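Several structures are given next for inspection.
Each of the two complexes below includes chain A, the first together with chain B, the second together with chain C.
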Partner chain A sequence: METDRSKLGSFLFNRSVQGVFYQLITLGLVALGIYYIVTNTARNMLERGLASGFHFLGVESQFDIGMTLIEYSPTSTYFDSFIVGLLNTLLVAGIGILFATIIGFTVGIMRLSSNWLIAKIAEAYVEILRNIPLLLQIFFWYFAVLRALPKPKQSLELYDSFFLNNRGLFIPDTVFGEGSSIIFYLLWLTIIISIGIFIWAKRRQNRTGERFPAFYVSTALILGTFFISLAATGFPVSFEYPELKGFNFKGGVKLIPELVALTFALAMYTASFIAEVVRGGIMAVSKGQTEAAKSVGLKQNLILRLIIIPQALRVIVPPLTNQYLNLTKNSSLAAAIAYPDLVLVFAGTALMQTGQAIEIIGMVMGVYLFLSLFTSLIMNLFNRFMKVDGER
Partner chain B sequence: MSAANKEMGPPVIELGAMGWLRKNLFSNWYNSLLTIFGLYLLYNLIPPLVNWIFLDANFVGSTRDDCTNEGACWIFIQQNIKLIFYGLYPTEELWRINFVYLILLISGVYLLIPNLKHKGWVGAFLLIIFPIICVIMLSGGLGLEAVETRLWGGLFLTLVIAGVGIVLSLPIGVMLALGRRSKLPVVSILCTIFIEIWRGVPLITVLFMASNMFPLFMPEGVNFDKLIRALIGVMFFSAAYLAEVVRGGLQAMPKGQYEASQAVGLTYWRMMALVILPQSLKMVIPAIIGSFIAIFKDTTLVLVIGLFDFLGIIQFVGTNPDWLGFSHEGYVFAAAVFWVFCYAMSWYSQRLEKKLDTGR
Partner chain C sequence: MYNIRISFLGLVCSVLMVPTAFAGTLDTVKSQGFFNCGVSQGVPGFSNPDENGNWSGIDVDVCRAVSAAIFGDPDKVKYVPLTAKERFTALQAGEIDVLSRNTTWTLSRDAQIGLEFAGVNFYDGQGFMVRKDSGISSAMELDGASVCTNLGTTTELNMADFFRANGMAYEPVVFEKADEVVNAYDEGRCDTYTTDKSGLAAQRTKLADPDAHVVLPETISKEPLGPVVREGDGDWADVVRWSLNAMIEAEEFGLTQSNAKTTCALTSNPVVARLCGKEGGTGAGLNLGDSWSYDIVTMVGNYGDVYEKHVGENTPVGLARAGSPNASYKNGGVLYAPPAR
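Coming up: the complex of A and B.
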């Protein structure tokens, strides 16, 4: 009897037995929760007369979208509206990332300037912008700045080719004439050759220690071929300038005010975070590195290019991609100023019309989740690639 | 160096105001150029802003006709101040909100003053009794008239959402972080999936989900208030971010701490509660406050599901026909208030970081 009890005791207090027990309980609770939600949802949907499934994607959407990158009309399907929204999201994220990077790096480097005034201006920029909610900034640029701009007749203009008014930003369009395709093929070819030059130069440097000016050679190659081919084909590329016709502009590319405001706000806001990332990255390179480089006689620009930037980039890139991801996710605030992005078009209008809440929100969340997981996958690969041997 | 060969001039002044100017603003030609450019920028930005906000602005009056339109019309804010701060909360019940603010203020100040006794009790009061007081005072009960949450709004609603989000998400975040680090595979996988899903999607989709999908999940007859649905969304969202912050702290703990506590025979929960969490949470306090700032800024998003928070109400009063065309004033005011809150939090966290750092 005594031994039986102690056997039972040692069984009950065994770590791994307890582990299995706890896990079973957790699993059971989660399964119960999911079962509860699923049965409730099924009954609720039955009551509201909603059919589950993705059949609605093939149905005519019957609504129009203010800005589309692909052909779209009210007779297009809900799936088309999904693609339109997705492309609009990617467009605003792409432009936003480009400008956020430029502003962010500039401000980040300014903060490290030895010039007191410049450093303070950069610090003020960061401290002001990152402590004000993004949505407020978007509202400000959209309602207080862009909507308050003059009418097309009194547009703000730059070089007679860029016009800014309350209908949006009008920029020249590039028109590719006949024979311009060959220029593009040549451009791609020279880019590929340049990559080859870089790889070859790196190998040769590793082998012999001799440096090859790969950057200058490939730049000259790409630009040279580009302009020579342009001249040879008789400049088939031209610009179409926007012109004031009646009450609005015709020609050129029209960027709707929602897009301009959203891009502006996203870029300025994210730049304040990128600036901090850049500053942190450069400061993370220890001073000894610069001093060592100086003592072996490297010139200032070479120290920057060969010693500081490569090491700073290893620190900067992971949080930088995180900021890019944040910017992409934040672009969903578009819904608040009616820029037709994925959330507004699909999780807004399409959801309202079809009532397929679960499928639609699932798809929208899926897109963002995919982007996040994909980015972190790339980042993990990057980290593995950039790891210095012998480092933890 | 070639300078040694030349005849040397007198040494450059390095002390005093001139020396400081020379060293920090005019050390070489491009620095001088940058300084002039910076001064030009400030000259174009600061005086017009100061004129607009203070010098040319109108502060006294009661209608838009009292504004001269040369500078900001702060009368707009002043006339709508009740809406902006309290939303549509009934005027005769406003003392209830102010009473809650007062309790919060007194206990907050008490906690911030160094070297006072019984801080633990005050903290416990804030965490356990104060929320109950809040619920009764704000939404009604015990003889107080009920105030529906659709009347809540303005800065008050922002503080409620941010406060509840912050207070509830921290314990959930800690549990999720512990779960993700757990040796039990099922627990760890479930927590990881949960955290990554919330972190991978924008808050706006979470709020859409809260307002459109939650009603479908609930059994018949159960109908959550819109505010509560939004609160649940914000809470889980920020809990996932906090979980990652806390996990960072857990990972930074030296392994010896775990081994030592196991060696003295502490169970898992005692080890976590008495040894690991107090130390690792202390390590990540700045990052936690950073997340709080993010939550506070993110509360503005609730306006997309139709709640009138601080920004939402400012947007709303701007559409009042009596006050059209004063959106600049509204946005500047909102920005200033948000900025003060966020900057205060980040300033406090920096101070705390310095204070905690000295021990190490």
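Coming up: the complex of A and C.
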């Protein structure tokens, strides 16, 4: 009896048992809470005559969208409009991240320049752009761009093939004719071979210390193969030029001013933060590293490439990821200037036409969550790759 | 942007957390002493704030009429300016009690979104505005045009229908706020600006040079605009519906804001006597005082008073009533209120 009780006692007061017990209680409460919220929502929506469920996704949307990367018409479904919005968001986020990175790294390195003027210009850029609200910057670029550009009939033109007016930038479209697919297969093949060359060159250098000009060799390989295959297939590539017809240009590729203004504003704004991240990362590399590199006789550009940047990147990448996530989420401000992104098209027009706020906002939140987690994953993998061997 | 986030949050919270549906709006409104009325962010003649923040317009007067009917005072209203995109969510979430914001009555809104339309206070139709120097004289010449419009409106669907039906191409440029649409059109982003014709007339006054623009003759849709309430509260819907009906019926029987006092004292017409609150006890069924309709007419005016004051020919909006659907059915229009008895 006595031993039983003490066994029971020691079981009840066992730390790990208690831990499991409290976790089960917490889990139960959370599950109960979710159950309550879901049933209550369903009941309230029913009582207020709100439609629910996801069958609206298969219904014809009956509205049109100004810029679509896939085929879309008013007879397409709401799900198609979701995809159109999603692709437009991805497009603006992708281009924005690319330019923000380029501008950000440039400005960040400029701030460290020993040239007073260059350093001050970079400082002014950072201080002005990061301290003005993004929405205002988007409006500024949009209306500044619109006001400065001429009407379609007075378009600025270059070689009769590039046209710029307040309806957008029109550039010739490349049309790949028959037999051009072989060129792309070869292009991919040479890219894969080039990656192989890089890996082989690195291994060889680690083993023997000899360096191999992998960059020049692979560039020559890719470009050479591309042009030779173009010539061999008889240039199956033609251009479709934009032409003024009626109100506007038809044919070619069209970049709408909303896309240009939004990408520009997002890239410039985020670049000001990235510049600071880059500056901080480079300054975090101790001066002794540079001095040591100099003392073994490395040249300035090699010091930067082999000593400073790899170490700086380890400091830069985590906060850089934050900036990429911010840019992606900030792209939802597109709605203010009529760029048809996910928020405008799906959480705007589609939501208004169906009234299914909970489902649609849920889907949109899910998309941004997924995009953010996916970006984090990629950047974490990159960060792991950049780490010094042996470091955890 | 922030407003819309707050209203979505409001909707989600209220749908998730509040265990009972909205019932008894009228009781709540009476006990708190005012109600919230959703209006536009500024459409001259319909709902527009002056420099002191006082709202006026025919949509505003619907809310003032409801206030007069309930409180005997037309100013117990808090106005909440909303974009087209925010308006239904704000109503569903309980941020506003009446939505009077040039809102088109359609099947899907009535049946799907949990809204109840309380009537029609303006019969409208969608049109196009273009620059005079474009030389366009008909909407059928708009093939390939860039079209500026508002997000979250029936306009977006109608223009898709119109261009599709006529086999024409177009580029929609859709903004969230009405002012941004007007601004972008004015800056030349679009060849044409489309919305309800009354809206075109109203927004035109905001353009840099109103005379350089012309509204095309075609009307491409039916847009019955009216006040909206939440579905599932019949008593409150009745108050709004009959406040509007009383304004229309008062005009039909010649009871105006200026003559109501004397007419009511002298009348022998039983319809007028009911509107004056002297006979019939019409207020009881609505849970209002018997003078509710008299208060509306004396404090806000009948439909004709309100129309001429805000959108009639002598206003900057300048919409002729004669010959339009907004004329009384007796004059060839479609304005026809069920009897207030």
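The working rule: the second predicted complex is superposed on the first by the 314 of 392 C-alpha atoms of A that agree within 3 Å, B and C clash if a C-alpha of one lies under 4 Å from a C-alpha of the other, contacts with A are read in each partner's own complex, and residues count from 1 in each chain.
Note that contacts are C-beta pairs under 8 Å (C-beta built on N, C-alpha and C of every residue); 3 or more make two chains touch, one makes a residue touch a chain.
Remember, predicted model here, so these are calculated numbers, not experimental data.
By the touch criterion defined above, A:Q62 lies against chain C but remains apart from chain B after alignment on the C-alpha atoms of chain A. In the superposed pair of complexes, A:R384 makes contact with neither chain B nor chain C. Of the two partner chains placed by superposition, chain B and chain C are both touched by A:N40. Applying the stated contact rule after C-alpha superposition, one finds that A:R207 touches neither chain B nor chain C.
In the overlay built on the shared chain, the residue A:I121 is in contact with chain B alone; chain C does not reach it. Once the two complexes are laid over each other on the shared chain, residue contacts for A:K287 go to neither chain B nor chain C. When both complexes are overlaid on chain A, the residue A:L135 reaches chain B and chain C alike. Touch criterion met: A:K151 reaches chain C, while chain B stays clear of it. Counting contacts as defined above, chain A residues 37, 40-41, 44-45, 47, 135, 143, 333, 335-336, 351, 357-358, 361 meet chain B in one complex and chain C in the other. Against chain A, in their complex, chain C makes its touches with residues 1, 8, 11-12, 15-19, 21-22, 84-85, 88-89, 92, 108-109, 111-114, 142-146, 148, 151-153, 156-157, 159-161, 163-164, 170-177, 180, 183-184, 187-189, 191, 230-232.
Taken in their complex, chain B has these residues touching chain A: 24-25, 27, 31, 34-35, 38-39, 41-42, 183-187, 190, 196-197, 199-202, 204-205, 208-209, 212-213, 215-220, 293, 297-298, 300-301, 303-304, 311, 315, 318, 327-328, 331, 334-335, 338-339, 342-343, 346. Within the complex, the chain A residues that touch chain C are 37, 40-41, 44-45, 47-51, 62-66, 73-74, 135, 143, 146-147, 151, 166-167, 245-248, 250, 257-258, 333, 335-338, 340, 344, 348-349, 351-355, 357-358, 361. In the complex of the two chains, the chain A residues touching chain B come out as 19, 22-23, 26-27, 30, 37, 40-41, 43-45, 47, 113-118, 121, 127-128, 131-136, 139-140, 143-144, 329-330, 332-333, 335-336, 343, 347, 351, 357-358, 361, 364-365, 368-369, 371-373.
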